[in-house]
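There are two complexes below, and they share chain A, which is joined by chain B in the first and by chain C in the second.
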Partner chain A sequence: MKVEVDPRRRPTIIGLLVILAILAAAGPFLASNRYAIQVATLILLFAYLASGWNILSGYGGQFSFGHAAFFGLGAYTSTILFVKFGVSPWVGMLAAGLVSALLGLFIGLACFRSGLRGAYFALATLAFAEILRVIFVNWDWVGRSQGLLIQLVGDEPLLFQFTARLPYYYIALALLALVSGVALLLERLKLGYELRAIKSNEVAAAVLGVDVFRAKMWAMGLSAFFTGIGGTFYAQYLYYIEPFQVFGVGMSVDILLPAIIGGAGTVIGPIIGAAILVLLGEGTRTFFRGFAGADLMVFGVILVLVILFMPYGVMGLLGSAPKAKKESA
Partner chain B sequence: MAFLVVEGVRKRFGGLVAVDDVSFEVAAGEIVGLIGPNGAGKTTLFNLISGLYRPDGGRILLDGRRIDGLPPYERCRLGLGRTFQIVQPFADLTTLQNVMLGAFNQVRSEAQAARIGWDILVRVGLADKADWPAAWLTLGDRKRLEVARALATGPRLLMLDEVMAGLTPREVDDTLVLLRELRDSGITLLVIEHVMRAVMSLCDRVVVLHHGQKIADGTPVEVASFPQVIEAYLGEETEIA
Partner chain C sequence: MVDWQTVAQSVAGGLLLGGVYALVALGLNLIFGVMKVINFAHGTFMMLGMYASYWLFTLYGIDPYPGILLVAPLFLLLGVLVERVVVSRILDAPEHDQLLVTLGVSLFLQNLALALFKADPRSIRPLYADWSFSVGGVVLSAPRLGAFLAALALAGLFFWLLRSTDLGKAMRAAAEEREGAILVGIDVRWIYALAFGIGTALVAVAGSIVLPFFTVSPSVGETFLLTAFITVVLGGLGSFPGALIGGLLIGLVEGLGALLPGSLRQLPVFILFVLSLLVRPQGLLGSRQ
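Moving on, here comes the complex of A and B:
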């Protein structure tokens, strides 16, 4: 007989295709309003970044609190290559992914070999991001705390520069489609099974034949690769990077929150989470204009409530995350 | 040569010698029971054999090959499967996917793993819950899932840690039937069990541990008459003035 491996799979694929199709179709309409296209692009970027984080931390359960390390290193890699050596940021983007993946493997080697888990692993990743921030803040060649400015060359698609905003939107959408496709594939691969098993119980996974260290290293490498690429996109989108922003704790939090809010360890969760968070952020900022800081306080309270009452995120409410329907069983 | 050889194995935790110079053998096709009071060192011995702990001394051989220095996943690949006393399904996976994780020890593709997993779910009577999140399963079903997962790795030696504890008499009988079938299909079994009815009817041979030491080794009937065994279970005689 035909065995259905996971009843959640078909709705996930259909849901993802519908979301991507709507986003693709919405581009031209959003582009008619400069603010709308910026907010939409921001949603796509953070959906993409959270999806990359999700590979290591959502599926694999290795909670990283320092993905800014990969993001910032990616941003600096392509920017340095362009500003100092004239290398196209498209090439720089791939280099950024690879350099960040190497950093990920190094951090993985340091943490996973010594058996760091849970909060200790999270703190170690945070420490690596902070170390990089301090290095780049004090490094003359890359502009110290002033960071690097990318010189404008006009509409040069081959140099990743566009005068219109719409191309950036579609590049971010393509990146999101890519990482979501990888997540879907991962759910079918041995590695995806291993990661989800490791998340629940490393010891049980190990005696069932899982090389825990190897699986974590793969997750780390993939996750860091995608995050580094996101750093390049960010740099090309703003034409400017500085270390406090790209290596900051705030960036690490912004990367992981959409996955937590939307549903960690799901394909669609990070996309929904990013939409909610970016719109919520813009909404509170507009609403509390004139009361400096009030928007962040309200934003924080809403986050706390969501985490308290929706431990599996929005996808948990939809019944797409594990355990969500326990009571009705 | 015996299929599993445990030779002078020792494990110490601080001042406590949990397993003290234990030696025994399990022949291919045998069902051997590992019994003893709580704290006797049974689960520690399982952890040593499956690779969660490194022994402080002694050797462990599987099918003539020394395994005591190998990590757990390599021992699994050599055909060593085990279950845990405290059942712990992978919460993010369905029942079938839990079993498939074990099957990936034998095959690479998801479709192949699903076929192996499905066959095993049918065999242990969990097929109707295949697409449930494993977290929904009852204790009895979780115990079954625990066995199913280990079976899916394709073990030649299967070590079961109290798979019958907490089960109803009916479920115990079902499990006994399953274990005999497994033996008949060529799997060697080493079982920790407190359900004595199960031990006496199932095991060809019983190894008794007490305070980390082996105090008896023989058929269930022989072992039950050993004075040291009776003493270990009932406590030493105390004189009451």
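Moving on, here comes the complex of A and C:
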């Protein structure tokens, strides 16, 4: 049973602008504390990534479990261009988006043309991410499992390198504003309506004249594009990438969880979800310091509880979305 | 050039491990077939099964094979418990919610293992660890051959259970027509819990029988889970003969892949998987989605 939260019911634009304005104003205050600005940047990055995932999986209902494929490919694309060819990561970022979008279209072609849906689609995307991981782990030219280091050049804005942390914060914020704007636009465009129609009932949507394949391909391309760009940001932020990290199942989960927790198929949900998850992650890690595994145990329990008791995320609680019936068979 | 002997050796090695893959996939398929839930915690139960056998061997000197008699009922209970407490609540939820809930269970259990046993890889050395048989120039290691035969025997036992017992019939009925099964008086809640329990016991035992030649660590389940996913998609989600054939086929392709340099050995399996998705998304023996 699918329940849509009617976008007209919530003043999403105002809410989004308020959130972005607060985040923009908070930057300088956060920057006075190195830890705070890092955590805040992480929140923005994962809010951004989850928003990108949301286009395909939240609005379109095509649940991807392998967005690490686009993330990792984007990270490697810009890093290879910079490390091997001296191309500025700003150009590399665009290239990353395009290369990831191409991969998305290829995966879309493979999956949607043969009618893969639901669990099959989720497993197929997971497999694609794993395939890429195996390729990069075995590829000498890109450092195999050691990955690639980005050489430091000091404060070079044109080369996407800053000695201060604040610029990264604002870049992440700009990316988040961009993807949220696109999502907001999408909610009002024909494509957005088509995607939500496909999500609630694909066959009915097709009968009503929606070009299901075309709509899914658009969502896939857009979603992969934004995710690839996120990969570049991550690489430039850490100056280091390796295949297990960027292509791993863990990354796919980290990308999708904020949207699920906050509310899939909403503009603000991923932002709320990312804030909750990153703070929770940091909190449990600090609290359980020295007990390897304890933080992720807590995380697992919370994940189960959230899905069981608030299946539409935080936005589902805030909005007037009817609660799903949860009865054991 | 690769001589035929090397190829035959790779094929044999691959097929032996393929038997274990088949057993893992059977459990996953039982759970999917009966409950329509994709169990992300499946690999985690295998890892726990390996640890159970490891401690039985290390603390009490009980070999993994007789240890099955303890591991199987223990994990049957654990599976039933997890089903009643968590999984039974999400049977009507969207597929991705089911994925995420079982992922949460997996995160919890895997990190519990990490907290309890630390990340160090552990292995056992039973007497027969280095025994091997030579068949026509192909060397078969005893632990691997044992695992293969045990996996086939357990698969046979499972098929018998499914075909010839009342419980098996009730499971198949609940899988095919839930309302109908309820109408004829089958308590499907009980059937679901048992199906999850049996699937869990199968994969835990798969963990027991690979322990003599496999190191266990908290993350070991992930690799097996991925292989199991590929196996069931290849064979057809919910198809039991498909899981068996798919497991052997994956093992075979992986064995041949071992002739490739480095860990590119996994690549042929992935290519097979993508091709099968493109050409036959319902799987080799699956009927339809």
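Keep this in mind: the second predicted complex is superposed on the first by the 309 of 329 C-alpha atoms of A that agree within 3 Å, B and C clash if a C-alpha of one lies under 4 Å from a C-alpha of the other, contacts with A are read in each partner's own complex, and residues count from 1 in each chain.
By our rule, contacts are C-beta pairs under 8 Å (C-beta built on N, C-alpha and C of every residue); 3 or more make two chains touch, one makes a residue touch a chain.
Quantities reported herein were computed from a predicted structural model and do not represent experimental measurements.
Asks: After superposition on the shared chain, which partner residues are touched by A:Leu189: those of chain B (first), chain C (second), both, or neither?
Replies: After superposing on A, A:Leu189 lies in contact with chain B but is clear of chain C.
Asks: Look at A:Ser114 in the shared chain and tell me whether it touches chain B only, chain C only, both, or neither; answer first, second, both or neither.
Replies: Touch status of A:Ser114: second partner only.
Asks: Just checking: does A:Asp211 make contact with chain B only, chain C only, both, or neither of them? Give me first, second, both or neither.
Replies: first
Asks: Looking at the overlay, does A:Phe82 come into contact with chain B only (first), chain C only (second), both, or neither?
Replies: In the superposed model, A:Phe82 contacts neither chain B nor chain C.
Asks: Contacts for A:Leu303 in the overlay, against chain B (first) and chain C (second): which applies, first, second, both or neither?
Replies: Second partner only.
Asks: List the residues of chain A that touch chain B in one complex and chain C in the other.
Replies: Of chain A, residues 1, 325-326, 329 contact chain B in one complex and chain C in the other.
Asks: How about chain A: which of its residues touch chain C in the complex?
Replies: Chain A reaches chain C through residues 1-2, 57, 63, 65, 110-111, 114-120, 122-124, 126-128, 130-131, 134-135, 137-138, 249, 253, 257, 260, 291-297, 299-304, 307-308, 311, 324-329.
Asks: Show which residues of chain B lie in contact with chain A when the two form their complex.
Replies: Those in contact with chain A are residues 50-52, 71-73, 75-77, 81-82, 84, 88-94, 96-97, 100-102, 104-105, 108, 110, 113-115, 117-118, 130-133, 135-136, 149-150, 152-153.
Asks: Report the residues of chain C in contact with chain A in the complex, numbered from low to high.
Replies: Per the stated touch rule, the residues are 38, 86, 88-97, 99-101, 103-115, 118-119, 178, 188-189, 192, 218, 222, 226, 229-230, 233, 237, 262-264, 266-267, 270-271, 273-274, 277-278, 281, 289.
Asks: Note which residues of chain A are touching chain B in the complex, please.
Replies: So the residues of chain A in touch with chain B come to 1, 3-7, 59, 188-190, 193-194, 196-197, 199-201, 203-212, 265, 322-323, 325-326, 329.
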